[in-house]
Amino acid sequence: MSKSERPSQLFRNLNAKVASIPMILTAMVVFVGGTAWTVLYSFTNSKLLPRLNFVGLDQYYRLWATPRWLISIENLLIYGVISLVFSLVIGFLLAALLDQKIRFEDTFRTIFLYPFALSFIVTGLVWQWLLNPDFGVQGVVRSLGWTSFDFNPLYNSSIVIYGISIAALWQGTGLIMCLMLAGLRGIDEDIWKAARVDGIPMWKTYLFIIIPMMRPVFITTLVIIASGIVKVYDLVVAQTSGGPGIASEVPAKYVYDYMFFAQNLGQGFAASTMMLLSVMIVIVPWAYLEFGGRKRV
Amino acid sequence: TDLEVTHWWTSGGEAAAVAELAKAFDATGNHWVDGAIAGSGGTARPIMISRITGGDPMGATQFNHGRQAEELVQAGLMRDLTDVATKGKWTEVVRPKSLLDSCTIDGKIYCVPVNIHSWQWLWLSNAAFEKAGVPVPKNWNEYVAAAPALEKAGIVPLAVGGQAWQASGAFDVLLAAVGGTDTFLKVYKDKDAKFAAGPEVAKVFKAADDARKMAKNTNVQDWNQATNMVITGKAGGQIMGDWAQGEFQVAGKTAGKDYTCLPGLGLNEVIATGGDAFYFPLLKDADKAKAQEVLAETLLDPKTQVAFNLKKGSLPVRGDVDLNAANDCMKKGLAILAKGAVIPWTDQLLSQDSQKQKEDLFSEFFAKPDMSLEEAQKRFADIIASAD
Amino acid sequence: MAANGTSVSIQDLSLNFGAVSVLQTLNLDVAEGEFIVLLGPSGCGKSTLLNCIAGLLDISEGRIFIKGKNVTWEEPKDRGIGMVFQSYALYPQMTVEKNLSFGLRVAGIAKDEIAKRIARAAEILQIEPLLQRKPAALSGGQRQRVAIGRALVRDVDVFLFDEPLSNLDAKLRSELRVEIKLLHRKLQNTMIYVTHDQIEAMTLADRIAVMKGGVIQQLDAPQTIYNRPVNRFVAGFLGSPAMNFVEGQLETGTTAVFKTGDLAIPLERYGFDGAGNKSGPCVFGIRPEHVAFGEAANSMPFATDAAVEIVEPMGSDTLVWTKLGGRIFSFRVEAEKTLRNGDPIRIGFDPARASLFDTPSGNRM
Amino acid sequence: MAANGTSVSIQDLSLNFGAVSVLQTLNLDVAEGEFIVLLGPSGCGKSTLLNCIAGLLDISEGRIFIKGKNVTWEEPKDRGIGMVFQSYALYPQMTVEKNLSFGLRVAGIAKDEIAKRIARAAEILQIEPLLQRKPAALSGGQRQRVAIGRALVRDVDVFLFDEPLSNLDAKLRSELRVEIKLLHRKLQNTMIYVTHDQIEAMTLADRIAVMKGGVIQQLDAPQTIYNRPVNRFVAGFLGSPAMNFVEGQLETGTTAVFKTGDLAIPLERYGFDGAGNKSGPCVFGIRPEHVAFGEAANSMPFATDAAVEIVEPMGSDTLVWTKLGGRIFSFRVEAEKTLRNGDPIRIGFDPARASLFDTPSGNRM
Amino acid sequence: MSDHAVSLSATSSNLRAGASGPSGPKPRHMFSRRNIFLYGTLIVVALYYLLPLYVMVVTSLKGMPEIRLGNIFSPPLEITFEPWVKAWSQACTGLNCDGLSRGFWNSVRITVPSVILSIAIASVNGYALANWRFKGADTFFVILIVGAFIPYQVMIYPIVIILREIGLYGSLTGLVIVHSIFGMPILTLLFRNYFTSMPEELFRAARVDGAGFWGIYLRIMLPMSLPIFVVAVILQVTGIWNDFLFGVVYTRPDTYPMTVQLNNIVNSVQGVKEYNVNMAATILTGLVPLIVYFISGKLFVRGIAAGAVKG
């Protein structure tokens, strides 16, 4: 019985483990370590440089008493809901339209997708320019004679976040459309046939049969959209820098500004910890359900 | 030796001024590697700090002198320039002395001030007032009175760019001008929150409210775009530091003829001694360290000072230079400086943190017409109370 | 319009996908209440034909009548057809009941009428206890019944089945086959059923249409197709184990004789199709179960000696492989017979039960 | 370790996926050169067992010996096994030749040795002309041969097959079945073959292991399993059409009698398994082909009257469904017999060929 | 027999009086309501998507006086390529007046190794996660996925410290590592899903054949994963090429990528904003990812179908 003993578990699949070192390092050192570091220092009064000078929850009290933070949160919610709803709806509608065996599908798809190739900086610039009240759409319409025409979303505090969303949607829906299109193509053709034989109108088929079947696609899409929403920064900076006033501030920008502009790392870390916390509450249970379980076929 | 210098001077006038520094430095046989980062100090500083703390420091970097680099110095990341300063007798030539004080920590000198910037200027477009049919005002109060006429002529009375620091700066200027020097110091130096909530400051807020109303149609972001509105007569005036002067100059405008400058808004003629300074991170490479010394010396060289400040529109940090070439406005500034009517600026008095909070407040205040004065003042007092 | 008693009538149907012609001027008449099976190898166009009948594909040419009505341009739902798909295509997120009622609700049928129809379908198919389950919680056989139920509740004239059993395992398949047969007997609907499983075809069909390359090769009752295939393709396609084929030469002297190697099989008992049987190369085919063995072989018009090559006991009976005229040759014996490899045996058969095919064309002679 | 002549020996093998126990203390000894078929319904753990033998799954408990060597913790490549998968798992981007040589190249075997082995395998499997093609350009049967070839070139002791034929159509399946049988005869290797197709199991196996729920129910020669199944599951699983089951009562008086409804089947000719046969509920099973019909029925120990319910002509023979003791009951007749629904008939059988199962346990009595 | 079948159908089709009536394909009008709606919507939406590009191109071809006149939508009266030249080689940032040209090559030098490294790492991760699951692997993966939600800004500081500690701060290697780290979550997800969807038997066959971890990856998996590689390359090229934050924080001026140059050009306002130069610079910067998209858009959708949506 040369080898009846169970060999050590550590060395089974050793290569796989070795190959996963970058991932493990990234996960543990960068994501977990970085996060823990951030959380730890959010309890300090670190200014320009991180210092372990604990001040308890002071940074958090201050954070939640800061109007700008509250506005940022509110904006993020508005922006999040708009992005989610509209990119899903528009993305799906476009995908559904493209899925009708139309001519020039490639052309249309490319047109819808190309903005995704552009950076947020570029997107922000272009839309800032298009929405510029003097040169952009408003100016042009006015110069055509409709002088009372008012379309000035980037310079109007109450709607500026919607103005920013226009650009975000322009940039992002193409990818969503692609994901949806891929999902639609993955649906068993027989389902369509069955619905046609049953005499179910197209829109009802989509609404009651196809969409519920596309759950995995929607999940992937949701991950992509949601991670983008939480991180929104460049777009705001490029379009409005948070203005007018602080009307279009977002949490990521608050974090950045307080860490680097205000040189108050503690405050920035507290803000980012709050962001992380809210993300975790939503994501972790879901991620475990979705990816942590056994391998699905 | 190549020395990389980072800074955020990228507008027309600023770039021209930096070119002077580079020219002077290159003339010493070294090479100025330009590391300009556009988008104001806010964008540039985190990059600079990251690089210094990340262990890949540049040869020299711009900061607003004051408290921005304090911690870097305390962390021992910055080079002590005391020996260079002693050799160049900086304590004697630099004027006003408070400038060098800002560079001094624990008795050691860590930075080279290169210019004096004062915020306290009101820039007025002569053409705009002509068009509105009112005389060019001589002080803030007249200006406020003229606003309706300007508006009627389709001119934005006051240009305030969308960036937060502009709104905040404008308020500080009003505080020093409308409130007076003592009020200014009581609030920012003594951090007297009770006072900041009091009637003296309320007056300033009233003035700020006027400014807010006058500025409501500005629709530009950058300060130099706002300046450009004044240059082109689209706006009546702008509260902006002396660096705006550079833009007028680049646009080929003549002080007194095309535009008018009112230091201290014509109410309280003082100059705040804020400004830019260069810091030198500690480098391992001996050659570079040597080049740093050369650069530090070059920056304070009288000839460089003149060339640089003429282009930049700011005032030199030495009293012993010849500034005949200076224009009208600059001369006004020099005169005030000579009188010793100087105050420290917020960069020196407040931490960046408090500054940022203040910026947030005033940026909101200027963008939100329905924000009440009482609320704004209360929040202002709160910031002062917690300021450090 | 159509002749009385004709349920589905397809006239000169052609279908092209771009340049590929899948169906070529195909004609098919299905009588009222008939069970037609479309049988053929993969890719021969069976599903395509079914989809044309259902109106799920736009045809290129021809006409389709259902119950005498020209439905060529009608929508699927207006054709009076119900369809059951290979993958069942149940709506996965709806309960069985919803699956059954969805089409009816969309059509705006009254609630109680819907309930009545579902109850009836559920009873016929014995899926009452499953009504509140979702498809994922059903076994293959149950899913299949629900899929049939979906067609059932729609009260249609014609049922179309596209390989409804091919996803199931052998045991379930044979059970459900019987159920479908019983269902057909109960409902007396017209049914058109696609499969490539010949057992299904043989057991279910009133008539089988054997297809190949988009053309119906033979349309006949199962026994006719089995015993008198019109060409070599049909002969080889039906029957498992397959018909034995021996290539050789037809010699028409006084009596016709099939020659291969040193074997000569007399064909006087063979019923030639029509008159034109000339000498020439041809293929002789005989089914394994028509081969007699041992004693019985000697009483056959033709008998010869051979040796056992492989024995395949299949439980109910045993398949024995040998060589005839150099070609592999199989026959069936009862399960009790114990043969071993290499055993010498005597085999024989009656040429009357054989089939003879012209070599170049493959047609029956 | 293992007894001489034992090729694969599995001792107390258990395997759990997390909390789910898939195999439970399973024992199996396979003799040198034997052809073992693992047969069982889907999900019973056949593939899992095969993967354990191959070393592709880490077992939870027990030991595995191949050629007397404990290989429990060996890598798959070191176990002397070759495996053929259901989907063939050919490397799609490699030519056939590359597919065959991949394992050898990985093992660093000399070029000419590789060429020699490939030539031999290609000859055995008759795939010489295909060597430069990619898998996509092969038919199902050809792919299957390449997949076997991949195991062949590795010169292994044990071949493992995981449902290698289940992706093919019936015709091809029966052809390749014969080929595998011939291959086994030629190579004389040990082969372990997983399938859920009983025809395959019956025809190929030296011994069949019928599995259910991770447990081997019966391990015996095909005929034994077919004729003397140890329990009702095995009896029902094998045979198509399935064995007829009639529930009823065993009464052990002077002679044992099986009673159901008003039928009484005498069991004196039935060979009871062991002694312990008590009165009580039980199930009587008889295979369709063991039921005699018409004249022949009367010569049987037991005969009764019935009526035809459905006739399923299958070409080679015909299946007839009737009722016995209220339960559906099928039997086979020759294809020539023409019966119609409702015809009264007489059926009979010999209880000696039947099987009797205890009702609660399902075990053979 | 066959004769019979043919004649039967022939007669029956002659018999049928209904031989008139609809026949052949259902007539489809090019301008049916469905088509008008379908293409109408698509075209309107397409115009909306194209509008910014149109404005960018048109503006970049105008001179400043023409821009000041007003209508951003009107085509240029006089086409001038000067803004392009200026954006490419003359625009100034601080003292450097060589436009985007310098940044272009820096971007290439950053993008190419970053794309290669990040995809190499992520594909091996995905492969290990899909086929060689070891204990705890899922936990790391979940952490990675959650990591995709962390705002980059939060990570700047810790990464500065990490890079400083391993002495890679400011070097190209450091930046490449940073890009690999932040590309890892989504790419790993893609690759994992893709490899999971490949038949497991293939993997097993290779193991029986004696191939190990790397052997299977390199010789079996890689050659089969073109579609997902295309997706990964596109995503990474876009992401890395367009990155501003890391490029500016973790490099030095002589290696600044194009986006930093773009930011500098756009934000270094000299007097009035030169919109035409800005637009030209914007297009130039976006050109590489745009070209990548236009070339491989079709593969992109296919790859996404293969990898992303399996969830």
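So that you can tell them apart, the chains are marked A, B, C, D and E in the order they are listed, and the count of residues begins at 1 in each.
We take it that contacts are C-beta pairs under 8 Å (C-beta built on N, C-alpha and C of every residue); 3 or more make two chains touch, one makes a residue touch a chain.
Just so we're clear, the structure is a prediction, and the values are computed from it rather than from any experiment.
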Would you pick out the chains that touch subunit A and also touch subunit D?
C, E
Chain located farthest away, centre of subunit D as origin (C-alpha):
B
Count the touching C-beta pairs: is D-E or B-E ahead?
B-E
Centroid spacing, where centroids are CA-atom means, of subunit B and subunit E in whole angstrom:
43
Euclidean distance of C-alpha centroids - subunit A vs subunit C, Å:
55
Find the geometric centre of each of subunit C and subunit E from their Cα atoms only, then give the gap between the two centres in Å, rounded to an integer.
50
Taking each chain's centre as the mean of its CA atoms, how far is subunit A from subunit B in angstrom?
38
Counting only residues that touch at least 2 other chains, which ones in subunit E make the list?
156-157, 161, 263, 266
Among the residues of subunit D, pick out those that touch two or more other chains and give their numbers.
none
Please output the residue numbers of subunit B that touch at least 2 other chains, ranges allowed.
46, 53
If we count contacts the way the header does, which residues on subunit B are in touch with subunit A in the complex?
42, 45-46, 49, 53, 68-72, 75, 162-164, 219, 221, 351-353, 355-357, 360, 363-368, 379, 386
Using the touch rule from the top, collect the residues of subunit C that touch subunit E in their complex.
1-3, 6, 9, 11-12, 27-29, 58-63, 65, 68, 70, 72-73, 216-220, 224, 228, 230-231, 273, 363-364
Subunit C contacts subunit D in the complex at 41-42, 169-171, 174, 177-178, 181-182, 185, 196-199, 202-203, 222-223, 226, 236-242, 287-289, 310, 312-317, 319, 321, 332, 335, 341
Using the touch definition from the top, list the residues of subunit D that touch subunit E in their complex.
51, 54-56, 75-77, 81-83, 85-93, 102-103, 106-107, 150, 154, 162
Contacts from subunit B onto subunit E in the complex sit at residues 4, 6-7, 9-12, 15, 18-19, 22, 32-39, 43, 46-47, 50-51, 53-56, 58, 222, 224-225, 228, 231, 247, 250-251
